[in-house]
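These notes open a run of structures that come right after.
Consider the two complexes below, in which chain A is the common component and chain B and chain C are the respective partners.
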Partner chain A sequence: MAFTCTLTLNNEVAHITLAGELDAAVAPQFRAKIEEAAAAKVTRLVLFMSELEYMASAGLRSLAFAKQKMGANVDIYMVGVQETVAETITMTGFHNSVIMVESYDEA
Partner chain B sequence: MSNADLQRIDINPTHSYNGFKLRPGKPLPFGATLVPGGVNFSIYSSHATACTLVLFVKGQPQPYAEIPFPEEFRIGNVYAMVVFDLDYENIEYGYRMDGPFDPPVGHRFDQSKILLDPYAKAIGGRDVWGVPPDWNNIYHYRGRLTFDDFDWQGDRPLQIPSEDLIIYEMHVRGFTRHASSGVKHPGTFAAIREKIPYLKALGVNCVELLPIYEFDEFDGSRPHPWEEDKLLMNYWGYSTVGFFAPKAAYAATGRLGMQVDEFKALVRELHANGIQVLLDVVFNHTAEGNEMGPMISFRGIDNKTYYMLTPDGYYWNFSGTGNTLNCNNPLVRNMVLDCLRYWASEYHIDGFRFDLAAILGRDPIGIPLSNPPLLESLAYDPILAKCELIAEAWDAGGLYQVGSFPAYGRWAEWNGKYRDDMRRFLKGDMGIIGAVAQRLQGSPDLYAWRGPTASVNFFCCHDGFTLADLVSYNDKHNEANGWGNTDGGNDDHSWNCGFEGPTDDPAVNALRMRQMKNAFALLLVSQGVPMFLMGDEVGHSQQGNNNTYCQDNELNWLDWALVERNAELLRFVQRCIAFRHAHPVLRNREHLRNYDYVGSGYADISWHGTRAWQADWSGTSRIIAFMLCGKHAKSGTVTDSYLYVAANMYWDALPFELPGLPEGMHWHLFANTGAVPDAYEPGSEPRLEPQHEVLIGGRSVVILVGHE
Partner chain C sequence: MHVLTVPADLDSLDAVGKYVVEAASQAGLDRKAAYRLRLAVDEIMTNIINYGHTEVGLTGDVIVRAAIEADTLTIILEDRARPFDPRERPEPEDLDRPLEERNIGGLGVYLALKGVDHFNYEYVDQMNRNIFVMYRPLQA
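Here is the complex of A and B:
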């Protein structure tokens, strides 16, 4: 499945929905959205990842980039992460840097 | 003009080659480094005449580009070049070096080979353990780029005082590879993380990992002598391919190229649980073997610099593995220093154990130096200043430096004399009580000016028998290694307790259990730094094999069913570890003085026998007892309980008269390896009755605590 990445800004919260395979070829698209969200000075970044099927090293690098770009005071949520992707995030220790949840309710 | 309009001018290309935009690189740091807009490649060779950068798309059989370094990009002997606009997530790189092929003078350049960067921070191409490589691959071990973006979350090396350490020697794969481990990805860094609760419950605060630098498990591989479907492999990993890269196949995410992150995550989580990480590092030789070996990196880049060569250009073999790294050549010395600094700073490693470290004190033609510059550099290095530096103070060329290793006030040693003397005492040898008294005190005879923390005490390590085998075999049984039982040491000082190998005889098995408890009890009341081998706490056996370097199977894999089967031993070890943590008088930073220097009325350590105050130092003695005065703990700066330890390695029970305690104090029983229960929870030891004497069974150890 082709990679897609969409950003919506809602007050101080950024939503990014990822789908497909996040690899080196498409990682710059994701990073561009993160830059956009950071520029909007949001207080929370929510990544909807239930349609993300695969994440290469470049994807992990992008997540690390997001964490550093947004700053320590911005919570990053990862919503509905598929098992293999979640496992990669956990084994590489990135799970401690984000909040992984099954579902996300803005309220 | 505002600051925002200022642009760096050193980030723009100045040259081009076949569509690649280039500019002269920075010679430092060596290796491949991300810079704005590109990658800085820097590599040195003292004797090459030209160098070419070779680029691959990850995993592709053929390179997609070869870029010769323009001559004007060479500074001194360093080739440095920035290549712009590389898809750095997706490339692998290597070098071709041109120069003379003239073995008698030490040169073996071969431009047809693609060579791994000695400073490669990650290595791809062999990402999954044991998957046979494509031997026709033109470039097996491929340099990759790394990104220093790991979220350490405030972690830093723990800097636990050396005297408080309890080291657990662990093989990454062996710890969890066994089917019984119950982890998701057996044999990996991630799997160790799953087992941290076990390490916490055990009580160790330091793990020492057998080599985790990239190595080739197929190095020297050959069929198992009688099991056709099995292969003997380079399991331990004591032959390095790349000193700066973690072994990809030790990471469950290695196939995704995330081994750097996975290992850092392990270090971070061990630290969060109060456990330090030491690396067993092998700077004495490389995976390239002798002149018959493969050309992976160093040999093709600068053979004469990296290796100790005979006058006619062959390889000196002080390591017993084919070649010897030329560690006191200034260039190699700097590489070693760069490497350790990198691991200490980038991976938060707490210290290093140096394999066959005596080699590091030899000069470029192999002669031992009185003031070896490498060892001195490491000892005084500011980045390594808080790291443990532990030497295996001997080499395969006959240099044995236990007690005399050039220490510069910094280096500790694996104390081989502790191992040998304590093993002999354990099995009941006579004539060594004097030596045993030294070992129990942190070997002041060997380390008079260096303190007890210079002594890493151990009964067993990866090299030799496991503890269970030490008490089950008189002789090694290495037939499975395929050398007709000729490999491995012959000086194990082991005793099988009456029968060679496994037996149903309950008396023999009870004695073996007691002997294992005796060893742990003595180890954990000795001054110095205790270390034990993974699995010894649950009686892991290698079936008498004392050299399992090539056994990627149950001989080495820890069987987790032993945790239940030998729960009695495990509980005893846990309690002895907790006891050591509870008593600072066991963990002195300075040597005991054998007299009273705080006015307590008791010497810091006093020696006893079956009669109090009368130690039996005779040549026929098999007993020793000592009392530690709690008022002398940590050189008299801390008050602890009084401790009494008596070891009766005679085969029959003996009554030991107990030294009297200060008014109002009483002896309490912590451990008696010859009784049930064998040990109590530290802090809840019952009062001993009677107070003046304890009957100690044959081959048993008793530990008492004296307090009100």
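Here is the complex of A and C:
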């Protein structure tokens, strides 16, 4: 399935919804959304990933880029990550630096 | 399966992914094994394109082969970039550190080599051959 990536900004929170297959060819689209969110000086980044079927390491590098661009104190939430994608996140230790949740409700 | 020949360009990743998924399906791999194989091939293919070709201004093709045998599915990537054995790349050592303190390199090769049952590399006739092997589930 083709990759799609949409950003919405709500005050200081950025929501990015990822769907389809995230490989090195399309990772620049994700990175562009992260830069847009970073420019808006958000304090939290929420990634909705339940429709993301595949993620290569290029996606991981985009996340590291987000942390470095937005600052270490910006929390990154990952919502509804599929099991196979989660395995990659865990194998590379990225689960230590993000908050993985089943569902997300803005409190 | 047929042999797939694609240009060493990031736009080819999609076609290679589909080819590997189809081979995994024909070989009867379960969903997780199929995903790990597709990821492994995708990561090495990405390196062949970026470091073997784009960065050094080389154009060329990558040949993708699949062989289903009684016990195994083997995928082979062949390219004519300069020799590079992914097994020689050191494993990332800072996987437990916070992201903002990490050196984010080598993750693709790490995922590729960890994800398949066997990985092999050879350089023959001025050609890199990256070889990925997965065991097939026992047939009923």
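Simple rule for what comes next: the second predicted complex is superposed on the first by the 107 of 107 C-alpha atoms of A that agree within 3 Å, B and C clash if a C-alpha of one lies under 4 Å from a C-alpha of the other, contacts with A are read in each partner's own complex, and residues count from 1 in each chain.
One rule holds in what follows: contacts are C-beta pairs under 8 Å (C-beta built on N, C-alpha and C of every residue); 3 or more make two chains touch, one makes a residue touch a chain.
Owing to the predicted nature of the structure, the values given are computational and were not obtained by experimental measurement.
Visitor: Following the superposition defined at the top, how do chain B and chain C come out on chain A, clash or fit?
Guide: clash
Visitor: So, does A:E21 touch the first partner chain B, the second partner chain C, both, or neither?
Guide: Second partner only, chain C.
Visitor: Tell me which partner A:T84 touches in the superposition: chain B (first), chain C (second), both or neither.
Guide: A:T84: touches chain C, not chain B.
Visitor: Which one hits chain C, of these parts of chain B: 115-123, 403-411, 475-483 or 511-519?
Guide: 115-123
Visitor: Could you tell me which stretches of chain A are touched by chain B in one complex and by chain C in the other?
Guide: Looking at chain A, the two contact sets intersect at 23-25, 56-58, 60-61, 64, 67-68, 87-88, 91-94, 96-97.
Visitor: Help me check something: in the complex, which residues belonging to chain A touch chain C?
Guide: 21, 23-25, 54, 56-58, 60-61, 63-64, 67-68, 71-72, 83-84, 87-88, 91-94, 96-97
Visitor: Using the touch definition up top, name the residues of chain A that touch chain B in the complex.
Guide: So the residues of chain A touching chain B come out as 23-25, 27, 56-58, 60-61, 64-65, 67-68, 87-88, 90-94, 96-97.
Visitor: Contact residues on chain B for chain A in the complex?
Guide: Against chain A, the touching part of chain B is residues 87, 89-90, 147, 149-151, 153, 184-185, 190, 251-253, 256-258, 261-262, 264-266, 268-269.
Visitor: Spell out the part of chain C that touches chain A in their complex, as residue ranges.
Guide: Chain C reaches chain A through residues 10-11, 13-14, 17, 31-32, 35-36, 38-39, 42-43, 46, 49-50, 92, 95-100, 102, 104, 107-108, 110-111, 114.
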